[in-house]
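As written, the chains take the letters A, B and C, and residue 1 is the first residue of each chain.
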Amino acid sequence: MNDILSRRKLKAKIFRIIATISTWSSIIILIILLGNIALDGFSNINWTFLSSFPSRFPHKAGIKAAIWGSIWMLALVAIIAVPIGVSAAIYLEEYAKKNKLSRFIEINIANLAGVPSIIYGILGLTIFVRFFQLDRSLLAGSLTMSLLILPVIIMAAREAIKAVPKSIRLGAFAVGATRWQTIQSHVLPASTPGIFTGVILAMSRAIGETAPLIMIGALTYVAFVPENINDPFTTLPIQIYNWVSRPQVEFHHLAAAGIIVLLVVLLTMNATAILIRNRSLKKYKW
Amino acid sequence: MNNKIIIETKNLTLSYGKHPAIRDCNIQFLKNKVTAIIGPSGCGKSTLLRTFNRMNDFIDNFNIEGEVLFEGKDINHSDMDPVEIRKRIGMVFQKPNPFPKSIFDNIIWGPNINGFIGSQQELVENCLIDAGLFDEVKDRLNSSAMELSGGQQQRLCIARAIAMKPEVILMDEPASALDPKATMKIEELIKKLKKSYTIIIVTHNMQQAARISDNTAFLYEGELIEYGKTNSIFTKPDKQQTEDYITGRFG
Amino acid sequence: MRLLFRQINLKEKGIEIFLSLSAFVSILTTMGIIMILFTESFQFFKNVSPVEFFFGTQWEPLLVPKSFGILPLLSGTLIIVAGSALISIPFGVLTAIYLSQFASEKTRNIIKPVLEILAGIPTVVYGFFALSFITPILRSILPFTEVFNAASASIVVGIMILPMVASLCDDALRSVPRSLKEGGFALGSTDFEVIKGVLVPSAFSGIMASFILALSRAFGETMAVTIAAGATPKLTINPLESIQTMTSYIVQVSLGDTPQGGIEYQTIFAVGIVLFGVTLLMNFFANWVMNRYREVYE
């Protein structure tokens, strides 16, 4: 009997070891991944790199165009997607009755969040580039990306709005406030930190996406900084992809350097989001 | 003695979906009096109270049959604006629900959105004095309302309600979440407030009803069993059911 | 001056309508996707028979002689999905079990952010990692591995979706009430037996749904496979060869100079509709599993 029991206990112990190793291997993988990229690209990070345009010659190439393209695109996407996304979330949480239509919209948004990004590229190509004739411009790219991250923003904003206790709204209604007055003065201020965090996470996604922008024609060789929303453009991920696709090893090092820049930007954005989330948890202790 | 009727219900039936919470209720609330609504849990007291300021509008499958007359007019008539009604009939909730803003902003917000012109400082101070809270907070009007104790928050909610200068204040078990000392303060406040306001208070605490109200209505399973002067209800009730409830034979 | 309440009501109604339009943008998006994919595919299927498309084993739409059988692309995608499942499912579930059953608060506070970081790394970076790190290692162990191969891509896609499996399974496991676990322990079972016999079956619907969602993501993955897996459509089960997925084919066409309106251009939509359809079905299936087998705990 004891023999069987000790076998069972051994099994349990082995299992626990396997589970522990599996879990900690994620950290190891992350370290290897980041280490590999850092080692590969670090030597290329210098001011020349950051301030030059791409070139056929690796030693002259830089990501200035890509950085500015990404900045422009992020700004435009924020202007387009955030108002629409937050408005939709407000409508769905505060106004819409719980009926079949609102349920349908909910399911629809959840599905859109799971559609592969390249499909959005096809959508953007057909509607913005061809039909609206925006050509391969920043505007077309930003509109396409906005549609891509819209479901993410809507879902995050809804969670933030839902977290505001119902009692606050009832208190406002009880002093004779209209629904919009209540939303404007109480619900929105309280949910803004959560919405902001969600927006930053959505933007993190947008800045790293490549496929949709390739489809709408964001160029892989851009030697200028965009000056208005109708200009063609490139972004960090696209430039990285371009360099990775070249056979010469020097371009691979450049790609690694570009990745470092991209990851630094992402790290900053997410750190900001976390800081805001923690600060706001102190203020709104429900 | 001017016993004017301010709110009156006629054949009022309230239901959630098909399930009736209040059946065929006829009751008159008198101006500048404190009326208590008592009864065991689940008898429909809160549902009835929330109907008077149309807070039940926010519940999806809620149905009203019959009339609720405020100064003679049916508040559920399509011409009546619920937002207007809530300005004239205020409410204090069971659990204090101050806004996550400063004490000052909590009180002035309601009047502001209604186009209040005049001295904000004066209005806030007067409301705090009337709610018996001013002395405790006069030095920190700009600090967050969330830092106050439960009892203080509730008095703040009362101050917020009276800042709108309503005619009626509905109170849904306002002291049930508070300790005895805070409860006492609320009860004294209610007795003072009735000089300027009509108060309808739902309470499951019979002794509280006996202490502070002029009239008492006893509800049981959605029906109004008995209604009259508090004194009579508690000393010589007409109905056996009322007597059973008051003497604690069921609860 | 106070507005009459009818004027205020007008303003309120106006705001409500404006906000509802924003919500309808999402419906417009879906309608747009469906409409475009269907109408353009319809053009495609006027020229290519569906039988050839869905059952043909040769995909060569750009060079003569042209062939339009999608099976090579489909098999390429499926190898990636299968390979990434081999990595993400075991590691993901084990991680979830560890996090929900064994890990201390401190450990959770380290591992969870690590997983979030892994999930947030852009797919180009994973593609680069596959090509520059994984592939050389693979080639040194198995020298007949091609420079572009499905295995490297599968590995990184697996790493990419592991956090998703881990996080969703963690949620599912944590929502099992303590009382069930305690019941198992009270019968004298070991950790492993309780996990295997009580916990995992009780969280079954959530765990299954997480697999389907993660695999749906792998199905639609684009950049990592474009960079590392190759551009040769091939019906094969050998992961060490170069292949092409449906997604990387679409990228390839758009990088080229394909004129609009030609049959080559239309292939984008035909492949796209298959991609869209499969991922949509997988997402619906995941939801159905959640709802159908949802264990109701009071």
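As a working rule, a contact is a pair of C-beta atoms (placed from the backbone, for glycine too) under 8 Å apart; a residue touches a chain by one contact, two chains touch by 3 or more.
Values in this document were obtained by computation on a predicted structure and should not be read as measured data.
Novice: Comparing chain centres built from Cα atoms against the global Cα centre, which chain wins on proximity?
Specialist: Given all protein C-alpha atoms shown, the central chain works out to be A.
Novice: Using C-alpha centres only, name the chain that sits farthest from chain B.
Specialist: C
Novice: Roughly how far is chain A from chain C, going centre to centre by Cα mean, in whole Å?
Specialist: 16
Novice: For chain A and chain B, let me know how many angstrom lie between their CA-based centres, rounded off.
Specialist: One centre to the other, that is 48 Å.
Novice: Taking the mean of the CA coordinates per chain, how far is chain B from chain C in Å?
Specialist: Distance between chain centres, rounded to whole Å: 55 Å.
Novice: Identify all positions of chain C at which a residue touches two or more other chains, and write them in rising order.
Specialist: 8
Novice: Two or more other chains touching the same residue: where does that happen in chain A?
Specialist: As it turns out, chain A has residues touching two or more other chains at 178.
Novice: Pull out every residue in chain B that's touching 2 or more other chains.
Specialist: 83-84, 114
Novice: Okay, in this complex, where on chain C does chain A touch?
Specialist: Going by the criterion above, the answer is residues 8, 11-12, 15-16, 18-27, 29-30, 32-33, 36-37, 40, 90-91, 94-95, 97-99, 102-103, 110-111, 114-115, 117-118, 120-125, 127-129, 131-133, 159, 162-163, 166, 190-193, 195, 213, 216-217, 219-223, 226-227, 247, 250-251, 254-255, 260, 268-269, 272, 275-276, 279-280, 283-284, 287.
Novice: Help me check something: in the complex, which residues belonging to chain B touch chain A?
Specialist: 53, 55, 58, 60, 83-88, 90-91, 93, 95, 97-100, 109-110, 113-114, 146, 157, 160-161, 163-164
Novice: Within their complex, state which residues of chain A touch chain B.
Specialist: The touching residues are 97-98, 165, 167-168, 170-178, 181, 185-186, 190, 283-285.
Novice: Which residues, counting only chain A, touch chain C once they are in their complex?
Specialist: So the residues of chain A in touch with chain C come to 8-9, 11-12, 15-16, 18-20, 22-27, 29-30, 32-33, 36-37, 40, 83-85, 87-88, 90-92, 95-96, 105, 107-112, 114-119, 121-123, 125-127, 130, 147, 150-151, 154, 178-180, 204-205, 207-211, 214-215, 217, 220, 237, 240-241, 244-245, 252, 255-256, 259, 262-263, 266, 270.
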